[in-house]
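By written order: A, B and C. Residues from 1 in each chain.
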């Protein structure tokens, strides 16, 4: 891959990362808008998904009865197994209209003074993509959090209960003890969100721009590869797209390695 | 000591009990929020899909733009071919990797393989697609079934490796020792005792990997590329179900949307069946 | 005190290196030590075991009985953190001169928990040593199955259901099946690590009877926690304590008039 992208690396150098220009006709390529789209959409997804995932994991491991736990875990496993193309499809036909008619007007009426929630409401766009991503990474973060909570010795919680702690206080202690593992799960989910392609491509609007409003369309690294690669006109465009892929690979590799090390650090001890 | 003071202080008690109930309530809300999209997607896909599903869908070729009717027969066969190629590459490598990690876990190399598969499982599938493009498409100078299958094969490796490792670790050590003590060599023990004992679990893992590969779209965009005609040659672009769904889904035609839902239903049905099967087999065996 | 004799009148330590003594015995160990993670589990064990005898190994939990037993068929080479020092001779041959596969055909092992192969039938389990190595014809297997199930005292109970899964047998039957599987490959020595501790008394006594019958063809080394069992089945008994061999004597003598005070305290139940 490195070799295949050497053309664009030579031509654009570091500018590639910092330039907003992406113009196949004039053969000028800069990846900044895509990097921006990827970062914002995945972090937003993580922001939405993390608290929910922790809630589900706690619900599964500490609150609910065993029989419910197995079926609920199973459903969440299936959630992780649904192909992303189906999420995207559903996103176009169900989520995006719902965003346009309900969620976005609501957000605008309440938080409209913030630049994030201003402007035209298309339905598709950065926020919708983030929500789809959040749905998709929740099973991953939940599973890891649950495993990590399981690895925390019961004796610690029991000691807290013996002192008269409420259930939540015991759970909070367990969560605090498991925090590096949960962080690992979160980073893993982030990695998945960064690399997710089809679902995002279908709902993010695919417009190479950087706007403050989350209602605006955007473009991610993965989606630009998905959309342009097969039809790329010139060698330089292909090579630029491969360089985008290389950046994507580098980022997810680092993110995933970090996640694994964090998770190992908790589960190894147990 | 201080903890005791905090916990036993009656002034705090009311507030603490309230926080407790609130947090537990929020956990329940999260769970509902998570399950809701699943049910919604499932019901919606089933509804839209079943009504669009007919014999033509499985037996006919796509019609040209503008005409209604037709089916995705070529895409279904194409997906089968792609998965077949992927399986030939991904399953043996995945199982070998799993064996190595589980049975030779003390060695340095096993640790490296484990870490690599863990990280590989996080590499975006579109990046794997680019890799397949670089390795196969560029050298063959054409999009092809081989390139698509190669990409799917690489994507299957981590799933198969992981489940093989887990299933082999469930095989009791005493069986390995029993076999070794009879004067059976290490690798024959691994192959004929350990692997055989774990085989049903490994098969379910392979099924999981296949179900996942069947839904992969991104890496096929510029490897298998898609095709609206009958095409079963391995060195030519080939149709695939998820690719077809993608093309139809983003098209402006009502009838194509209908067919895309039918395709989506087939995929989701596959995922459900495989997951239920896996659930069933693993539960019977190990709990 | 690192060396103990089988019989009082037998010669002293120097003669253990005498080749004729080594060849005469089924098992001879010289300064056998095993370390796990550099920590000793057994140290400087010197033992001689005669052919066609039953040797019981007793001692408190963790004293190294299993460790000793497993060094005789080189089972420790499965554990990278284990290191074995000293020499072991099987019928006069140093075990380092064998490869492990051949050694284990000569030195069979029966484990604490019955461990028949779950994917195999009773028939297949008995012939496992051949099947897994791809040896023998169908006819030969038939003969092997009957002969060894008879020897293991299981034939009458299972002759009608040889094709059923081995796990359908009771625990005691499974253990006898494992013994049949072990003797089927014709070992010279059989190691047994607490073979009856997972079984009920009736099954245990069947196994004890079996051990008594097997003695004429095999040399048997058995680890047991059950003092009565040691007294019933063995010709000589070795007492291990914290990784050392305290005493090895004829069983009768061991339980009536041991040389060491420690042995006496242990066999009379003062500790352990």
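Convention: a residue touches a chain if its C-beta (ideal position, glycine included) is under 8 Å from a C-beta of that chain, and two chains touch if they have at least 3 such contacts.
What you see is a predicted model; the values in this text were computed from it and never measured.
Enquirer: Considering only which chains touch which, how would you classify the arrangement: line, ring, star, complete or other?
Expert: line
Enquirer: Of the other chains, whose C-alpha centre is the longest way from the centre of chain A?
Expert: C
Enquirer: B-C versus A-B: which has more C-beta pairs touching?
Expert: Result: the pair with more contacts is A-B.
Enquirer: Whose Cα centre is nearest the centre of all Cα atoms in view?
Expert: B
Enquirer: Please compute the C-alpha centroid of chain A, do the same for chain C, then give the distance between them in whole Å.
Expert: Centre-to-centre distance between chain A and chain C: 59 Å.
Enquirer: Using the average of all C-alpha atoms in each chain as its centre, how far is it in Å between chain A and chain B?
Expert: Averaging C-alpha atoms per chain gives centres 19 Å apart.
Enquirer: Once you find the CA centre of chain B and the CA centre of chain C, what distance in Å lies between them?
Expert: Each chain's C-alpha centroid was found; their separation is 48 Å.
Enquirer: Quick check on the complex: what are the chain C residues that touch chain B?
Expert: The contact residues of chain C facing chain B are 73, 75, 78, 80, 100-105, 108-109, 111, 113, 115-119, 128-129, 132-133, 178, 181-182, 185.
Enquirer: Sort out for me which residues of chain B touch chain C in the complex.
Expert: 106, 172, 174-185, 188-189, 192-193, 196-197, 199
Enquirer: In the complex formed with chain B, which residues of chain A make contact?
Expert: Residues in contact with chain B: 1, 3-4, 51-56, 58-60, 63, 72, 74-79, 81-90, 92-94, 135, 138-139, 142, 160, 163-169, 171, 188, 191-192, 194-198, 202, 222, 225-226, 229-230, 241-242, 245, 248-249, 252-253, 255-257, 259-260.
Enquirer: Over in the complex, which chain B residues touch chain A? Could you list them?
Expert: So the residues of chain B touching chain A come out as 3-4, 7-8, 16-17, 19-20, 23-24, 26-31, 33-35, 37-38, 40-41, 44-45, 115, 118-119, 122-127, 129-131, 133-134, 138, 143, 208, 211-212, 214-218, 221-222, 225, 242, 245-246, 249-250, 257, 260-261, 264, 267-268, 271-272, 274-275, 279.
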